[in-house]
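Several structures are given next for inspection.
In the two assemblies presented below, chain A is common to both, partnered first by chain B and then by chain C.
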Partner chain A sequence: MTLRVPRRTIAAFIGPAVAALAIVGVAPLLYALWKSFHDFNLTQLARQRWVGLQNYQTVLTDSDFWDAIGRTALLFVSAVPVQIALGLAIALVLHRPGLTFWKTLTRLSLVLPMATTYAVVGLLAQVMLNQKYGVINQMLGWVGVDAINFIGDPTNAFIAVILWDVWQWTPFVALVLLAGLSTVPPEIEEAARLETRSPWTVLRHVQLPFLIPSLVAVLILRTADTLKLFDMVFTMTRGGPGNATEFIAILIERVGNRQFDIGLAAAQSIIMLAITIVLARLYIRLFYREVS
Partner chain B sequence: MKLKSHVSALALASASLAGLAGAAQAWSLEEAAKPYAGTELEVLFLDRPGYNAAIQMLPDFEAATGIKVNHTTVPYENALGEQVRDFVAGGDLDIALIDLVWIGNFAENGWLVPSETFINNPELADPALDMADFFPLVLDAFGSWNGVNYGLPFDNYSGLLFYNRCMLEAAGFDKPPATWQEVMDTYGPALTKDGKYAYALQSKRNETQSADSFARFLWPFGGSFLNAEFRSNLNSPESQAGLQFRQDLMQFMPEGIVAWDHAETVNALAQGDVAFITEWSAFYSTLKSPETSTIADCLGVAPEPAGPAGRRPALGGFSLAVASQADAAEQAAAWLFIQWVTSAANAGRYLELGGVPARQSAYADPALAEQFTFIPALVESWQEGVPEFRPRFAEWPAITEIVQEYGTRMMLGEISVEEGAREIGTQMEAVLEDAGYYSGAKPLAQ
Partner chain C sequence: MAAPMQARSLWAEGIALALIGLFCVFPFYWMVTTSLKTQLVALADPPVWWFTPTLANYREVLFEDRVGVSLINSLIVATSTTALAVLLGCPAAYALARFEFRGKTDLWFWFITNRFVSPVVLVFPVFLISRELGLRDTHLALILMYLTFTLPIVIWICTDQFRSIPRELDEAAMLEGASQWRIFRSICLPLAMPGVAVSSILSFIFSWNELLFAYILAPNAAKTAPAMAISFMEGYDVPYGKIMATSTLIVVPVLIFALLASKHLVRGLTMGAVK
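Let's look at the complex of A and B:
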């Protein structure tokens, strides 16, 4: 027997969520889209006017924008593979039977970096990586390594951001992949282990297919996170030195909040949104397969 | 000069008011504030000594007037954005906190009420206001725009040379460097050794890069951001000489100086790691306190070294002005507060509590100069500064971002001084073109 739920009941349940999403998500998006077609600078409101696609033209021909996109892409391809490799290693260790208490403790401690506010993570980095007084350089000094200029050197600052991002987000990847591993039917995994003693073979042919949805989720979420990475970098390097760590979100904030050019910043944001949607669709099309 | 003549007129007006009032009824804050008792004022403060001093003084004002001053402390980097958004949205702020480089922006947008409105109102104007008592440079630069005064100088700085006297004496120097050339030729080589450095120049990519680092080496060498036609002057021989000098001077600075902000720089001197720094006068209390400085007993203060064009020290600071979005009662109450907190009568206490007043009368007492050793250097600096040390027009927020980017890239060697200056110049002129300075739509005021 099939129970037919009245449309009104469905609407009552879904309605509040849709309304909330419309207010906090869709309305600001439409407003940003509208403003992206205007010359709208908060400090020059008198000359506010419709400029059509001029802001988009400015963004698409702006080398600063493409440089920031390039840096963001470099950050992504440097940090995410490391996070996935380390996260998978941690997940596989935690997936093994035994040592229940320690595994629980590890899972709990994995939450800590993720739970730390991004801005605090950046401030911690600024203090810990200080060339003269930072604890990291002090520890390096104990093993005879000269103090490293982490924040003041463009290359080192970029590497420091990668390492800090890996520190904060590897636990997230580990927990998602651990959840993915728990979807592997135990009997299939046991049967595979009877067939081969190679953990790599089990991973490649049994566990990995079940991990694909988790990996796609990780890729989509980490892509979105990297594109909007702001707080940690802002408090750590503020996009510097020079523009070595000026990622796309830092650039948009600079244009919108410090130059007050809301129209241009809105156009940058809309283009970023389009890139994010395209990438998400691409991941799903390329990688996602239903596990049968 | 138009700006100065206007300030002189204001000074005369306030002096006349003083005379009139002296002859008539005595003015009192308590009486003036009676109609506004219970009014609440909203203002943004920074976490700096001058604001902490004002906060300690607030209970006296509130007890005398019944006016409540609600202050929200924000980081400097957020203060402009917070206020712009509040004024655009018609928010709660009744008093504008104006950095020297925001005055053009705030005034041109009509967010401020001219001081004259209140100075000409005998019920609100304190006969002892005495505008002429403010250092003229400071009153011009911090509170006036295009011939109109809006704000009274509140948190006032000049760039000073703070030095470690003991370190200098140990290296055979009995006085601090008087010129930048001496720094380069004599002090730099002698003091940069054994892991210590002669000089640290805060150069982080924010307003510090533009104000403390880039501009500091333009003016003493005869350079400037703009020429008389408002075209870039950064590739002039004088500007180039100054910027190249900064580049060459980096050999006597700690590694990674482009990542140093005020905290790192002050700390480096306070810990005895560098021999001298050029920093805002507001950091005197930090460097003089044994709780925050290991060189408190060795601290010396002097005016900034001079360049070929003279001293031209860094100039910075904040004024307080009445916000036009406030209603009439709030505007009156706000003026009473601004007038009181910047008054000559309160200047001594403000100084004692860690603030730096802009009242000339406050520094006349020789005993104070003995107690606060930065005073003679500060007073000397305020005679030699330039109001447009950084252009104060509405376009500065956009231009400072350009300077910050290319200024740090120059220091890192990613781009040559000449190329960097040309790039800043091109982008700066594009901003000014867009704003209408070259078409004549806007006056060439900075």
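Let's look at the complex of A and C:
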């Protein structure tokens, strides 16, 4: 039985939250949409005027924009497979019975990287990856690798961002996949283990089908978060050297905050928002069927 | 024959666990030890592992460099936005869990969509609006903007929590003549406290960690701790010890909260798609 409730009561319960989120979450977007049709630079406020779709035209023919999109895609395709491979390995180890206390402890340590302030993660990279004083280069020295200039060289800086993204988000992927592994009915898993001694066969034919939802969740959320990625890269490289690590969010920040071209930044934001909404729709379609 | 093999695989597993733990924890170890080094020790080449620790960096950042003030700003912003999100979010979550109305699913989806929106999309319009309204560099601007991610988290987790409370309780109270608000306040909300606690912790963590809005909207008076920490990077002589001391001060409270809510952090980050 569903409770019959007057509309006024419903509005009283839900209205304030909707109003608040509309004011802080939607009004600025509409404002951005409006500004995206203007030539609007904070250094030349007098020149403000309606330019229609010109900003969009500039963005879509701007090599900086496409380079940033390309870099963001490259980061995704290099970091996420590593995160999934390592994450799956970690999840499989933790999923095995035995050593319960140590596994709980390991699970707790997995929670730490993803909760760490993203800006601090970037600062840690600065300290640990420094060419002369960095501990990572010291460790590489122990195995006979020459010190690498991680932050100062364009290619290496990109690799450093990948490494750091892997550090921060592999534990997240591992815990999501671990949750997926626990959805395999224990009796099916036990029966399979009696049939075959190869853990690979069990993974491939028994566990993998149950892992698909978790994997899809990981892919969509990591795409969204890679598009959002700002704090860590900003503190680590500011998008440099040159624009070697200028991912999409960093580009928009540079255009808006360091070039003061709000109109152009708004157009870039709206394009990014469109991508985001498609992703969110996809995620909702796949994971919240039961509510609709 | 089976016993030694099992023992060996147990060892292998133990080593794997240790490596995973080390992978996660080592950067924190390095952060804390660097924060206890003088600039001279921090700039040793190669890095040193054993040294005489000093608290000088903490003294300096807290009392000379306004990191103390920025931590208080962070605390004010994170607790206020969390409180506001709970205040607005709990009744909304109750309505989503209990009432049937038109547009409910759309509303629900809209809340979840906010998880995907990048702050960089919002930050410039908000910068201009806050300048117009005289809200630039105030706590209020940040508190309100952080609602964009704290409110959806609270609504999502609390809706789930309210759904798990048997409807019979509501129905019984209704027969007694209790008002809808009374049922929510005196019966359901107390039972939903675990969800409220978890969502509060998660919103606190996310708002405490936020950098972009803070960096753009609050450059001076309301500057939060993460924005303060990155301001040390400007200039030629980078004070590693001080940066790591500030980082430690920022990260420790979040990590404590993360451990408290460790079972729910993944649920929060996936908006409940993964339990």
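Observations, loosely collected:
Just so we're on the same page, the second predicted complex is superposed on the first by the 254 of 292 C-alpha atoms of A that agree within 3 Å, B and C clash if a C-alpha of one lies under 4 Å from a C-alpha of the other, contacts with A are read in each partner's own complex, and residues count from 1 in each chain.
The criterion applied here is as follows: contacts are C-beta pairs under 8 Å (C-beta built on N, C-alpha and C of every residue); 3 or more make two chains touch, one makes a residue touch a chain.
Because the structure is a prediction, the values reported are computed rather than measured.
By the touch criterion defined above, A:111 reaches chain C but does not reach chain B.
With both structures placed on the common chain, the touch criterion links A:237 to chain B but leaves chain C unconnected. Legend: residue contacts after superposition of the two complexes on their common chain; A:82 is shown touching neither chain B nor chain C.
In the superposed model, A:152 makes contact with chain B only, not with chain C.
Of the two partner chains placed around the shared chain by superposition, chain B and chain C are both touched by A:257.
In the superposition on chain A, A:44 makes contact with chain B only, not with chain C. Among chain B and chain C, the chain that touches a larger number of residues in chain A is C.
When the two complexes are overlaid on their common chain A, residue A:140 makes contact with neither chain B nor chain C. Contacts of A:280 after superposition: chain C is touched, whereas chain B is not reached.
Touch criterion met: A:265 reaches chain C, while chain B stays clear of it.
For the contact definition in use here, the residues of chain A common to its chain B contact set and its chain C contact set are 132-133, 257.
For chain B in complex with chain A, the residues that touch the partner chain are 80-81, 84-85, 88, 105, 109, 204-206, 254-260, 264, 267-268, 273, 394, 397-398, 401, 405, 408-409, 412, 414, 435.
Residue ranges of chain A in contact with chain C, taken from their complex: 1-3, 5, 7, 9-10, 12-14, 16-18, 20-21, 23-25, 27-29, 31-32, 35, 90, 93, 96, 98-99, 102-103, 105-120, 122-124, 126-128, 132-135, 138, 141, 167, 171-172, 175-176, 179-180, 213-214, 217, 221, 224, 227-228, 230-231, 234-235, 249, 252-253, 256-257, 262, 265-266, 269-270, 272-273, 276-277, 279-281, 283-284, 287-288, 291-292.
Against chain B, the residues of chain A that register as touching in their complex are 42-45, 130-133, 149, 151-154, 157, 237-243, 254, 257-261.
By the touch criterion stated above, chain C contacts chain A in their complex at residues 10, 13-14, 16-17, 20-21, 23-25, 27-28, 30-31, 34, 42-47, 84, 88-89, 91-92, 94-96, 98-101, 105, 107-126, 128-129, 144-145, 147-148, 151-152, 155, 167, 170-171, 174, 180-181, 184, 205, 208-212, 216, 226-227, 229-230, 233, 238, 240, 243-244, 247, 250-251, 254-255, 257-259, 262, 265-266, 269-270, 273-275.
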